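Both of the next two complexes hold subunit A, though its partner changes from subunit B to subunit C.
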Partner chain A sequence: MDAILQIKGLCKYFGPTVANNHIDFTLERGEIRGLAGENGSGKSTLLQQIAGIYIKDEGTMILNGKEYNPKNPVDAIKNKIGIVVQELGVLNNLPAAVNVFAGRLGQFKKGPVLDMKEIYRQAEALFDKYGLMKVPFEKTCDTMHIESRKMVELARALSGDPDILILDEVTQSLSQNNRNMLYRLISQLKEAGKTIIIITHDLEEMIEICDNISVLRDGELIETCSCDDITVDRIKQLMVGREISGDYYRTDSESDYSDEVMLEVKNVTVPDEVEDVSFELHKGEILGFCGLSDSGIHDLGKVLYGITSYKNGSVTLKQKNIEIRSIHDAISNGMAYVPKDRDAEALMMTDSIASNFALPSLDELQGKKPYISPSSIKQMAQKGVDDYSVKCSSIYQHMDGLSGGNKQKVNLGRWLLKDLDVIIMDCPTRGVDVSVKAYIYHVMQNAKKNGLAIILISDELPEVLGMSDRLIVMKNGKIRGTFTRGENFTQEALIEVMV
Partner chain B sequence: MMTKKVNIGKFTPVIALVLMLIIFSLFTEGKMLSPMNITMLIDQTVVLLIACSGTLFVAALGSVDLSVGVVLALSAVVGDVAYQTTGSTFLMVVVAIAIGAGFGVLTGFLTAKCKMASFMCTLAMAIGVRGVVNYIQSVVGISFASPEITMLQRNEFKIPLLVLIVAVCWFIFEYTKIGKRCQAIGENEVVAGYSGVPVIKTKIFAFIISGITAAIAGIFTVARLGGTSTTMGSNFEIKVLIGIFVGGVLVRGGSTARSYKVIIGAFVVMVIENGLKMMGYASSEINEAAMGILLMVILFLTITAENRKGKAKKELKKQH
Partner chain C sequence: METNAIKKKNSIKVIIIIAVILAAALAFNAAFDGRFLSASNLIVLTSHAIIPTFVAWGMCFVFACDYTDMSIGAVIVLSANMAGEFGLMFGFPGVILGGVISGIVLMTINFLIFVYTKIPSWIAGIGMAMIYEAVGMFYSNAKVDAGMTIPQLDGDLRMLGRAPYIYIIFAIGLVLAYIIYNRTEIGLNIRSLGNGIKLSESMGINTAKTIIMVGIICGFFVGCSAFLNESYNARLSIKTGLTSLSMIFQPMAGYMLASVLSNKINIMIGVPICSLLVYTIFNVLTFLGVPSGTWQEAVLGIIVIVFGVLAQRNVKKVVK
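Now for the complex of A and B:
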């Protein structure tokens, strides 16, 4: 066999914590390798050392038979290694096309200035070559959806014509059609003899795409096995080091909710986003929404919560007969919203866990009193941390020190501590590992039992199928079909309507 | 290890203040800490401390208010006109505070609703309003303060009032939802909005508090000078900003904005100014150069400490 990359005894420390502990890792040329492990097991750290984002502390890396010591990401690109990182890595204020070639803009110099037309042209050519979803090249990245920004990052990684392509949690930000695009791209690259390393929390997807899978736990590489003879359950078991009880979705196969209507949406239209959307949400119901990118499911969440204003139609909380026109209307009448982009839209990253728990409840905490007592915040945060088992050193720890799963627990918990009627969740399990996922589903089912009406917007079909009572499929901003649990509730049936 | 770092970060401004006091008292052979000088020091700090306490709300938003100096001057001057024409001290106070609040509404509206950058908006205001102040003064001339106002200069009135104003600001900032909302906006405006913070209202409110404290600072300045002056409040906004940032508040505001920090910051600024005078460097060349250097050093220390807090946690995150 022909090894393209050999890693021996690799170690990486962050203060007292060992992120990678003597990892031996060999990558064959043309192989597609998956990395599995819980949040914090050291997968990203390993890949970021290969890509020159972190510098290794100990061990050797041999690339194409030569010692390889990248000092920065540019070294890695020169050595034909491309990476798409998990957190978003685009420069928000620069046009998409410039982002694609960021760091290597020198080649576009025309006299003293950059030849922008050439940049746009080459970006276009690159997107065509790999069949990526087109993005508006001249627009700055901050105006784009998370999905488009991922495309830009992917294009950037591909622009160096890499021999090794590293994809860290890329699919989770993509909807089904772009996932399919990515799968096609991966097989196209494999045929061209390229090597690919993939991290994804979707283990079924991983087994499907990869040749081999390496499992990491607590910074150590536990096992590398071939995808031909491995099951999802076996990987899960290796990841957590013990047996995991099979199903984490709901086990009942019939829809089950009260007749009481909580939220009534009538003919809501927002130009370019959603068109003539009507539905009813009932007490104790989990109503799923799915669709391809640009289907408008994420936009709809923002409309329902009063972030985006609508001209035609109405969104009404039936119990109180209140029309939702602003975030204030929504929150003060028992609605909550869990955004897809957790770090940018949901949590105060450089503030404490306590402040984050308190933020949506400031009105309730102050109540009729002239002040908020610090002990009431403390109590609330402590309750949140206990109820939702958030792993942290104290309630005063800053959010950015928590792992993705724990951040999401705070994000959900800060709302669920309140007295809610309706909650809108946009991709609530994005970027969290299996055990936290299972936990979130468990929390959702409990909330459902207590009569909370839940809107679940998701890019993961198994998730909406596994959790919803009813399911609405959208396309181009319109409702294309409604499915009820127990009646033709399959992935195939959904996809038929989605595409 | 981490908790230790955080604690050092928290106390850097206090350490800086104590160090400054020790150094200056060594250089001035203890004169710095004489009861008379301490009284003077507090006296000099009053105006700055009042303005800093209110401007903290704006700093928490991640915004700056450069109009503090001119709002101080304008409310004092117009308030004085009100007193001169009616003879009512009460009216003077009301007019001054109304002007402060009015400017707060205006800047708040321009920055929050019209999305102007607070830096540019208040800078333009600082330049424009200074012209208005100069014009009014060229018409009415310099005048003497009412006897009731000059009574503010007496410690038995001044100190309790100072404590009251600072305490009220502290209370609103640290113990009510208004303060928490300001911090949340500074942390992340989108997050704050999605979590139910009325962003525009809160921003306007923050600028109103800043305007009102600037006006009160104006009244105290009149009391101290015994009347209005043409240079009132010039460069005052810079001192306010320095007070806030030296205390360890970062430019992004948010959770780094804390009441205790601005109180310490205001004292640090005044201790340096007073200490250099006590050492005999009253002449402005050396005074200003030395002050600049000292401030730079303290800013460096507090901000490094504050940033390290963040970094220690970032590293922790990278393990995951």
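Now for the complex of A and C:
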């Protein structure tokens, strides 16, 4: 065996919190290692120390037989370690190609000036070399979709020709076609003798891709096991420290919802996003949407909620006979939206859990009074924290101190506390661990039972298949097929329409 | 994805905007008996627009990294007086170096304070404006005590503020601003700071060094504006009571309008065009007999707000 990286007694502290506690970890050359653990178990912290984003507090790292202490990510790249981080890490106001080489632009200097053409050319060559989905290199990243930005991050990590590539929940942001591309890339890199560390909450995917899996719990490394003799249930058990039984998804095999139409969408068109989209959403129905990247599913969510205005067609709440043209129309008539990018588009990250719970319900909290009483906010937030089992020190803890799963509980819970008719959920389980995922599905099923009409937009086929009553497949902004639970409701049938 | 149809539509919009501006200019010219587009008026217009253009270029770097510096007006006043002081001693080199070096030194002090004190830059900037105004006052009083006044450039030494020299300096400034902002490592690093210090650091960018470089680069352009101001106007009186703040509004309006158009035209090229447009509005107001000092300043305030609103359209976060 040829160890490329050895970690001994690694510790990382954030104030009183022990994020990594004396971790011993050895990585073999050419190995694909999975890291599993609940949100907040210390996986990302461990990898970010290897990648130079965090500086370790204690312990040693030996890379290729020499002590390794990266001061920053560029230092890590110089040592042939690349990382794609969980949350988006691109410079939005700079061109994609500049992002790929940011921090190392000096290599493109011609005198005092940068050779921009060479930057664009090398970025394109890099994308070609690894078969990455092409992005417009000269455009700034803020004009791109989340998936394209992830491609830029991936290219950045690959730009140093890494011997160790770290992928922290990359697949969660990708649609099926780009996931397949990533799987091909991983096997290509393995064949070339590269080492890869992967974090993904999709445990089936992890077992499929990896050679070995290390499980972390409460900042400690619990066990490392071979993927040849481990099951998903065993990993879950190691992750949470007890047995987890039962399925994530719905167990019924037939669609089950009322005939009452809650939302009617007729011939909606937004140039370059969605075209002539029509469907009905019923009371107590979970209507899934899936498609490849640029299929328009995420854009459609924004259109339905009034964030993006549509040119033609109509979006109507049938029971109230109200056309949705703006976010205000949507919120004031019992609609809610949970976006894919929760940190940037949904939550106030530097504000408290209490404020985040209160935000969508300020009118209700104020009532007829001239002010909002702090006690009513406190009461509501405490109920939200209790009902949705948010792990926090208090309702006044800031959002940016919560794990991904707990942030999503707040994001979802604050809407479900309200009296809603329709909720649009865009990738509601993105970046959350198995136990939170199971919890969110449980919450969705309860909401469905109570008559809530749910639109579930997802890049994960098992999720939409597992939860939806009906499923709409989109391609290039248009509806390509509609499937009903119980009738040819399989992944193969969906993929045939998607591609 | 942007299709050809959208590109074509955008091009048509730009052509319409240019056509409207030209039509308005011709209409004003006709209304004012050909005085608006006369050679002498055009020279006055462009020369006047060049001075705030340099300040607006400096502001582009400050705003790009998410900082705000309210002391730029006070820096201009001090630097212009240093340009005058050294100009009287050493001639043209003194005018240029006196202004530029003072601008660089003062703006670098500001950015060192921003980096190391961690005070929000707009608060620290106001504090520095008060200090620089006070320094200006001490300097002015010292001159009076010595039986002199603040420096005043005489005929020949003012040449840099006249055509064709002011246009040559403008051309050099445009090339430098464009290249530094778009084609240098430091320019791109400065722009990366606009995404947050943490993210830039995680990309391996030396953020403290980059922020200080913002001070140096901005100071260079502010210093250029200062010596041009001194050359054009012969002297620049000392400001007190934070009145130096009003000196940044005109360049700010030019910067904001340029940032509105930055999707269509590079901001460094847009800045002089927009500064010219802003100054043209003042010129038209003068032709219309609107008094300066009251109504023209009110119009400037409205322009800043309108351009600020336009700059904010389709942007999720609030414009700095």
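The criterion applied here is as follows: the second predicted complex is superposed on the first by the 499 of 499 C-alpha atoms of A that agree within 3 Å, B and C clash if a C-alpha of one lies under 4 Å from a C-alpha of the other, contacts with A are read in each partner's own complex, and residues count from 1 in each chain.
The rule we apply is simple: a contact is a pair of C-beta atoms (placed from the backbone, for glycine too) under 8 Å apart; a residue touches a chain by one contact, two chains touch by 3 or more.
Note that the structure is predicted; figures quoted are calculated from it, not measured.
Once the complexes are laid over each other on subunit A, subunit B and subunit C cannot both fit and instead clash. Once the two complexes are overlaid on the shared chain, A:L94 sits against subunit C while remaining clear of subunit B.
Subunit A is touched at more residues by one of its partners, and among subunit B and subunit C that partner is B.
Looking at the shared chain after the overlay, A:I55 reaches neither subunit B nor subunit C.
Look at A:L114: by the touch rule set out above, it reaches subunit C but stays clear of subunit B. In the superposition on chain A, A:L359 makes contact with subunit B only, not with subunit C.
In the superposed pair of complexes, A:A125 makes contact with neither subunit B nor subunit C.
By the touch criterion stated above, A:I327 is placed in contact with subunit B alone, subunit C being left untouched.
Of the two partner chains, neither subunit B nor subunit C is touched by A:A192. Once both structures are placed on chain A, no subunit A residue is touched by subunit B and, in the other complex, by subunit C. The residues of subunit A lying in touch with subunit C in their complex are 53, 72-75, 77, 85, 89-94, 98, 102-106, 109, 112-114, 116, 271-272, 294.
Within the complex formed with subunit A, the residues of subunit C that make contact are 1-3, 6, 64, 179, 182-185, 188-189, 191-192, 194-195, 199-205. For subunit A in complex with subunit B, the touching residues are 14-17, 19, 39-40, 42, 44-45, 54, 305, 307, 327-328, 331-332, 337, 339, 344-352, 355, 358-360, 362-363, 365-366, 370-374, 393, 397-398, 400-404, 414. Residues of subunit B touching subunit A in their complex: 1-2, 171, 175-177, 180-181, 183-184, 187-188, 190-198, 254-256, 309-310, 313-320.
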